[in-house]
Amino acid sequence: MFSFNNDYSEGAHPRILEAMCKYNLEQNNGYGEDAHSLKAKEYIKRHIGREDVDIHFIPGGTQTNMLVISSFLRPHHCVISADTGHINVHETGAVEATGHKVVTIPHVDGKITVEGIAEVQNYHCDEHMVLPRMVYISNTTELGTVYTKDELKGISEYCRNNNLLLFLDGARIASALTCKLNDLTLHDIANLVDVFYIGGTKNGALLGEALVICNDELKEDFRYLIKHRGAMMAKGFVMGMQFEALFEDDLYFKLGEHANILAEKIGLAFRDKGYSFYVPAQTNQLFPILSNEMIERLSKKFLFSIQKKIDNSHSAVRFVTSWATSEESVNALINEI
Amino acid sequence: MFSFNNDYSEGAHPRILEAMCKYNLEQNNGYGEDAHSLKAKEYIKRHIGREDVDIHFIPGGTQTNMLVISSFLRPHHCVISADTGHINVHETGAVEATGHKVVTIPHVDGKITVEGIAEVQNYHCDEHMVLPRMVYISNTTELGTVYTKDELKGISEYCRNNNLLLFLDGARIASALTCKLNDLTLHDIANLVDVFYIGGTKNGALLGEALVICNDELKEDFRYLIKHRGAMMAKGFVMGMQFEALFEDDLYFKLGEHANILAEKIGLAFRDKGYSFYVPAQTNQLFPILSNEMIERLSKKFLFSIQKKIDNSHSAVRFVTSWATSEESVNALINEI
Amino acid sequence: MFSFNNDYSEGAHPRILEAMCKYNLEQNNGYGEDAHSLKAKEYIKRHIGREDVDIHFIPGGTQTNMLVISSFLRPHHCVISADTGHINVHETGAVEATGHKVVTIPHVDGKITVEGIAEVQNYHCDEHMVLPRMVYISNTTELGTVYTKDELKGISEYCRNNNLLLFLDGARIASALTCKLNDLTLHDIANLVDVFYIGGTKNGALLGEALVICNDELKEDFRYLIKHRGAMMAKGFVMGMQFEALFEDDLYFKLGEHANILAEKIGLAFRDKGYSFYVPAQTNQLFPILSNEMIERLSKKFLFSIQKKIDNSHSAVRFVTSWATSEESVNALINEI
Amino acid sequence: MFSFNNDYSEGAHPRILEAMCKYNLEQNNGYGEDAHSLKAKEYIKRHIGREDVDIHFIPGGTQTNMLVISSFLRPHHCVISADTGHINVHETGAVEATGHKVVTIPHVDGKITVEGIAEVQNYHCDEHMVLPRMVYISNTTELGTVYTKDELKGISEYCRNNNLLLFLDGARIASALTCKLNDLTLHDIANLVDVFYIGGTKNGALLGEALVICNDELKEDFRYLIKHRGAMMAKGFVMGMQFEALFEDDLYFKLGEHANILAEKIGLAFRDKGYSFYVPAQTNQLFPILSNEMIERLSKKFLFSIQKKIDNSHSAVRFVTSWATSEESVNALINEI
């Protein structure tokens, strides 16, 4: 039974595995200080179009989020997130474990707005309340939507004018940057945020997120902080080799595009049949609203998850495509729709 | 230049990589709830000879240490460690980051003794001091030495009689269990400690430590705790496949033995030439005391590290062998000695 | 200018100061192990009508909240609170500083309901989310409202049936227990919750909250935990003497009643003039909704705070009475109304 | 039976209690923003001879230590302390609870040396170890000894040249500044350290430590941090009034001197009888080494504590004098000696 449950069901893109096999018995320095990690960083910097950023490879997304937030905030600082944000809902309190409150804003299609941020800042007016110091956004969001350049610029400007750091969780940035609506580049993002990451796990790697620190003031001692949070892999070169393969050319973006194209086909099939969506279908996560009968029928042939009950006879469900999703499985799903 | 710097310079044992390639495009459940992880756990339980333990795969060693210690202690509890213990020296305060003090005992060849533990307990006599609740040991120790069955039994009994949990860091347990001096089995260890782990990273895997919870009272909600510390991999099957390959038969132990045999050859070569050792040479880490000239000479052909300056003209150095060390490189080193 | 800003503007009730002066040069044991603390605990137990509770004096309320929550939760546990709860809004992230998320429920007149708790539990369904393990309520609430016996019983039963600890913040419990609507006793509360406290700071003491641990399983090592969070006063007898004076007879309750009676007079005056209230006026905190003109006029003679803007020409304000509020100042205010 | 157990057995100096009674029914702003706190800060600044320091009143010493250390360190930073330091031994892991390791140096008569600090810095050489960023000293030390101006200057210079903050715990600074050996002033201290505190609890106040932040870079948002750690008293004026009384003139120093003079008399009595001391007797804590018989005999008439067993027939004991110790009790003790 084919699974549209998520984008981390398969191993690695074949070119990645190939590289890992090729270099397997090479001796490399530990802890990410190896030639492959170095090369991967060079490649990524070239894609970003900036040399002055610091790049670190971190095994997982939750780990990256807690590491970034705890490294750049003082104890009394909080981070602002959409109420749907991964750090707020799906990390078992990993951020709070480092001592920081997550203050939430009601999301608009998974996104936050300048008005929402401003309201939080106005409300937190004295020392009896936490002090907002960072804004966390994700692109694509938890609901598969994307920020436009204008939206990100607006948030970025507000943050810079109001003493807030801007952190972009890019676990699914490949899908964001290659979707039809997108008008952002990696270069834009690096210029608009203080820190972001380029997700490997959900776009063809076995594991690993490439954290990019753009703001000079945040760079100091970061390797200490990685180790301090248990996030420094002895065999860091395992991540280095993977990002080397992903960014040597434009493989990373092709994989994101592949997922988006197949998702679009599925989305159109649902739309053609008159189904509406819980949020606009923009990238590799789709949230069509289906009747219970339809859900039951599709469940016999495909795996997917229930996102939210809409009413007694309908629910929003989630279909996810990935770099590894095949044309055949998508066609089979479309036939069934 | 061949490196004897550590046992995590190379990738994975070929049989592991082979399995990963074979299963690469299989769809697996996320977060370690896949068939390979399940199989691997079965295999490990068979090697342990107990069905009633809980096994979880954790990406890294420091992460496993902080996770275990923070999960099983209440806020006012401390953990007792040898002063040379990894958690005390080489984890950038990762344990303290979770709120717990590491109280140390002077080591004896890298090991701790019942007397040392008792002294700490006696000293910590009231609520103005932290309350010892766990003992952390590693086997092999940071200095490559091993605990005998009698020693481990003694510590275990003391702990059980004195309300202390016993946690064994087995990052290098393969080397411990296959060295000449060893009289312990995985079964013994599981019966004598409350929780321990079987290191993958330093014995042929790309990453991953198999945490074994033996004490029933410690099992509850552990998957929550893994996620809470950022240690739950989306593609947990990557670790599952590796431990499956390592424990399907006795590959894991053969790799440890290989490293020990080569280390022994090197050790004998040093001994034959009259060199003494900083601590007894027992496993895959050797600490001969060499003259500055000898260090300089060997450094031209091999990588290894300085452990400790002994006097102005001598230092203890560290040579490490691994599952991947070749007979040739060892012979080359012996020739040089 | 008389202040109705809060109930902690004055020092201590004269009988407390008297006792402190009387015993001033006595030599007492440190850290709360003195005769006065012992006596005070006996008196409080008598008022509760139970001998089997543990009592500890803690300097402040925020401190007590963070201490209680962090002592009884495991790392992955969260605490449930009304969105208006003190721990959520006015403690600068002190609870999160100990590693725990505060998950909120929309309040109903400052209170939480069984339905709200159940919804949170249902939503938090797997290990990717924090696990609810404690419910935090306050009586009186932040909005001056009180829980009835039926309400508290309902919450208590739900908690006991659903593996949730129930913690009642009683910073203003004197006011709660002596208001007209109240049908709870200290004895009831001790039987219905796992842990609660009897606030001194806001009812006649210079400082100090009497924490009452009712659930046997929570008692172990609590003095360690107090010290661990920096909450153990060297001169603990300073709190002991105060609670001794407050509970030797029924002074504590008389002070609460005094505040309530005066508040009721003020409330009636507002009601008589047709003013409505933001939440029902039940205890020593009143939240009338006043026009901007009225606010401006009253501000010339009295201190009070703005709670919330209602519309462009009205705001809910807060008037607080206390054990120290005089009949004269209340009459002056009423005249002005 | 008279107690020489510690310097926090009695209440407050009569002049303090007098002030508290006098101002008792005054209405004051909460949270330390009252006129008495303001006045007290002015008085202290005058004594320091600097206007540009920030002063905050914190209820307790352990609380002040954990607050200061956690506020000024980043997560991967550690604090260096003498192994006898209060933060290392007698705070139940309160500092580690905020996430920071305490790295220790063997003490010399309770003090640390520049050499000791340098050794710790040299040892902590890479990101696999915590990064030293603060040095914690106390004056007087845990063993009642004092730092000379030269010693403090040496440490201060080393710290400034090596990127280390210097924090002086002055819980017993009154005794330090008024002992015969002392050549330091409050002004000197403020110029040589980054942050220090002036202890109230052990020198005549009911509670309270006056934290003085001298380094401009450490001042920002400190009230947030106080609240965040649960250390902001609602009735902050209770501390304000006490420090007002202590620093209006030189009462604070007279109280310290009183304790020292009486201690000196006791010390001389021991010395005259040929007793030696565990560490030099310099201030209000004395550590004579007594025979078991002598200890038993004195115990019948006085309370004091055993510090450390020296051999089977001797122990070092601790006698403490305070602002409240009477000439008569000292004479009685001397008679017994």
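Letters are used for the chains, namely A, B, C and D, taken in the order the chains are written, and counting of residues starts over at 1 for each.
In the analysis below, contacts are C-beta pairs under 8 Å (C-beta built on N, C-alpha and C of every residue); 3 or more make two chains touch, one makes a residue touch a chain.
All of these numbers come straight from a predicted model, not from anything done at the bench.
The minimum number of touch steps linking chain B to chain D comes to 1. Taking each chain's centre as the mean of its C-alpha atoms, the one that lies farthest from the centre of chain D is A.
Summary of the copy comparison: rotating chain A onto chain B for the best CA superposition needs 180 degrees, to the nearest 5. Averaging Cα coordinates per chain places chain C and chain D 33 Å apart.
Inter-chain spacing, taken between the CA centroids of chain A and chain C, is 42 Å. Put simply, the C-alpha centre of chain A and that of chain D have 50 angstrom between them. Counting only residues that touch two or more partner chains, chain A has 75-76, 91-93, 97-99, 127-128, 130-131, 224, 227-229, 232.
Residues of chain D that touch chain A in their complex: 31, 70-71, 74-76, 98-99, 127-128, 130-131, 221, 223-229, 232. Only residues 75-76, 78, 89-93, 96-102, 127-131 of chain D touch chain B when the two sit together in their complex. In the complex of the two chains, the chain C residues touching chain D come out as 2-3, 5-6, 8-12, 14, 17, 20-21, 23-30, 59-63, 65-67, 91-94, 97-98, 201-202, 206-207, 224, 227-235, 237-238, 324.
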